[in-house]
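Chain IDs A, B and C follow the sequence of writing; residue 1 opens each chain.
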Amino acid sequence: MGRYVVRRLLQMIPVFVGATLLIFLMVNVMGDPIAGLCGERRCDPATAARLEKEFGLDKPVWQQYLTYMGNVFTGDFGTAFNGQEVTELMATAFPVTIRLTVIAILFEVVVGIVLGVVTGLRRGRPVDTGVLLLTLVVISVPTFVTGLLLQLLLGVKWGWIRPSVSSEAPFDELILPGLVLASVSLAYVTRLTRTSIAENRRSDYVRTAVAKGLPRRRVITRHLLRTSLIPVVTFIGADIGFLMGGAIVTERIFNIHGVGYQIYQGILRQNTQTVVGFVTVLVLVFLVANLVVDLLYAVLDPRIRYA
Amino acid sequence: MLLDVHDLHVEFHTRDGVAQAVNGVSYGVDEGETLAVLGESGSGKSVTAQAIMGILDVPPGRITGGEVIFRGRDLLTLKEEQRRKVRGAEMAMIFQDALSSLNPVISVGDQLGEMFTVHRGMSKKDARAEAVELMDRVRIPAARERVRQYPHQFSGGMRQRIMIAMALALEPALIIADEPTTALDVTVQAQVMELLAELQREYRMGLILITHDLGVVADVADRIAVMYAGRIVESAPVHDIYKAPAHPYTRGLLDSIPRLDQKGRELYAIRGLPPNLMDIPPGCAFHPRCPMARDVCRTDEPPLYEVTESEAGRGSACHFWRECLHG
Amino acid sequence: MPEQHFDPDRAVAGTGMGGTMDLGVDEAETLERAPGGPEGPGPREKPRSLWSDAWHDLRRNPVFVVSALVILFLVVISLWPSLITSGSPLQCDLAKAQEGSQPGHPFGFNGQGCDVYTRTVYGARTSVAVGVLATLGVAVLGSVLGALAGFFGGVGDSVLSRITDVFFAIPVVLGGLVLLSVITSNTVWPVIGFIVLLGWPQLSRIARGSVITAKQNDYVQAARALGASNSRLVLRHIAPNAIAPVIVVATIALGTYISLEATLSYLGVGLKPPSVSWGIDISAASPYVRNAPHALLWPSGALAVTVLAFIMLGDAVRDALDPKLR
């Protein structure tokens, strides 16, 4: 197990380098990194040259990347457009997005698994067909449309919630945005659970459990759920990275000042450091979440042993 | 009589139609007796067993008639909760493929111990001790250590021993073993079968042994019931059948066993294929494949005739059983 | 050691969109047969190929028929929008801004006073173009690279695997924001290019996997032992078997690409006005949603129906092509 973890960590390094380098290149080569530094106007040539030198932009890209990564590992993510440290922005933005992600995951776990179990046990009945159609619609409607529609209905028409979230973004204001962020994954969790339950329900070991004279409840919770939820749990684990990266749309709809908002601002003002810094952290989150999922697999399924 | 199945009918409703899986099966088992139920796949032998255990998938399955009298009460009229208490405690089942029949993510100790915690209300610790003892009794070496392991960590033969231990746990009066050795290596088959027979004698249990392997049957069974297309076509004490079958299908089965004294000869095979259960031939269901078939076999369904030339109760569902017996 | 466990199908799901997980409505129903049921002979029709068999199934599947008709309709109106509308999407009258439904203008007007019906009809063109072209690009690039890696293995295969890992690690919408924000060209091509750039790893994984599976089949091993050339192996034996999963994944991905284009346009980095796209119209309508919800709802509905149609089509095709489910 220990050796497996080490190997996986080593494997993560090229992926991490590749992904961050790709982003770095996109931002640096294609954009104009100093364009945002002189306010709304373009910098005059002399200032531009001075700034380029100051930021090391006259050096080759690979050197810039190495310098940048060197700084990142000492905790220096550079400065944002308004002179603030990027790490300061992160300190305010990440807690918000993490809260949002936690709510989304809760929706997936509670609503998704419950719906999946209910439909998986009642295949072909009206509940099953209804939920199945609903999940298909949720998957097909882009998240930003779902978000706008729910905001329109709940926020504007019926006035149940505030249509936009205040800058502190407390948990209760994030419930609807969390649901919107979770929506597509929620539909997948429902379907995955349903398929898994329906498949395992006819398995030999469930038949054995029934033949042993166990009460139905115990057959389901102890024998059926235990095996059926393994793929679901790992899906949800891997989803953490996707949710944090995909939160940008939800955050824009509800005007939440999280990670997505900061990246969006960074792009608008062409601030390289903000964009690369935030994306680097997101890539790390994604990679770590996937590693944890792999290890979780071994814990949940004794058949899997890592050599 | 410990178990008396009477005129059992089971159907399966599928998208393509209704499959008549069991069509009026009657058989019985006494304490300490072994009944071998023989037949090809699709003959209804497993479905009958599932109906007796009450583990039929409903739907698509449906019991449309008959009685299952066990220790004096008709199980088919019991409520599900009463039925559940019978399962595992009074009658238990051993399945063919132990690897898929054991839960892959629960340790064997927990799976065995569950019998005691659920049915007997034992503590987890006591149940674990019982599990170790059970594993000892089915001769699994190092039971105390292996009780914590998972099914995939055992060999095929050891896993089937665990299935047997699980069935024996609460010392049921009846065990139904559905092809218990089919999935095993030939060398292990004999050991497992021996163990099962020995434990059955020790506990004086009734045993229904479902198999398609005539070789297994000869050593352990007291009686044989041969099934075809959801019906019993011949039922007799084991020796009578081997001496002289009273049904052409049984004869076909016996003739298709390879025998040393007939080395070099072409092996006999029953011609044709088992019937489609959605469209069972009229008359005797076996007539399209029967070498003795005559006109009456295509129209009249034979009842289970009493074979009067035998002392012990013996039946054959063939219009020409006499001919078959002497031919 | 297990492969990466995250679902590669989620590669296009940076917004949490799309993916190709099991969407089957009744995928296992066919398994619910009676035990020992009619495995028997019965009249056997003459053997058909996987493809003709699948086509036989598809024609009888109402989900397939309905979604195929919707898609056909979309393709026709994106080629000839004037068939069902006489107006121009750019002909706007600010005086009529936010007005509701009225004769000749069934969907009303948007915030700029443009006819919502006409714009919704014309918006199909963008979505269909992006969906179809991006899918073609992804399918060709992804399956060729994946198939080569799967067939030859070795160093190239390892390198390709690591490269796909890199692409999976980048959140799609963020990548789109970064890359497309600097592009000034206001056509569908940058969006298509971006989708191909980030989408191919998904297809290459699928293609690689199915080529490896096909390669291990006994009859392929036998053909190889008999001295069949590589090109013959690939064309005659491997491609026919490996192509089915690629088609299925690509069809479902097509729906998610349409969704992705709309999302990027909504965020202001895909297409920009005066281009016509459902994403642009939804974005433009959201500030006025209180007064003119119709300007938001019609393009949203059109977008949802389009994506749904492609996803259901892919789903039906998958059911038909997966022999295991028969």
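A few points about this structure:
Please note the rule applied: a residue touches a chain if its C-beta (ideal position, glycine included) is under 8 Å from a C-beta of that chain, and two chains touch if they have at least 3 such contacts.
What you are looking at is a predicted structure, and each value in this text was computed from that prediction instead of being measured.
The chain pair sharing the most C-beta contacts is A-C.
Relative to chain A, the most remote chain by averaged C-alpha coordinates is B.
Centre-to-centre separation between chain A and chain B, using Cα means, comes to 53 Å.
Taking each chain's centre as the average of its CA atoms, chain A and chain C sit 22 Å apart. Counting partner chains per residue, chain A shows two or more touched chains at residues 202. For chain C, residues that reach two or more other chains under the stated contact definition are 29, 32.
Not a single residue position of chain B touches two or more of the other chains. In the complex of the two chains, the chain C residues touching chain A come out as 1-2, 4-7, 10, 13-19, 21-29, 31-32, 162-163, 165-167, 169-175, 177-179, 181-183, 255, 259, 262-263, 266-267, 269, 282, 286, 289-290, 293, 296-297, 300, 303-304, 307-308, 311-312.
Residue ranges on chain B touching chain A, taken from their complex, read 53, 55, 57, 84-89, 92-93, 95, 97, 100-107, 114-115, 118-119, 150, 152, 166.
On the side of chain A, the complex with chain C involves touching residues 4, 7, 14-16, 18-19, 22-23, 26-27, 30-32, 123-124, 129, 132, 136-137, 139-145, 148-149, 151-152, 156, 181-185, 188, 191-192, 195, 198-199, 202, 234-235, 238-239, 241-246, 248-249, 252, 260, 263-264, 267-268, 270, 275, 279, 282-283, 286-287, 290, 293-294, 297, 304, 306-307. By the touch criterion stated above, chain A contacts chain B in their complex at residues 202-205, 207-215, 218, 222-223, 226-227, 230, 300-303.
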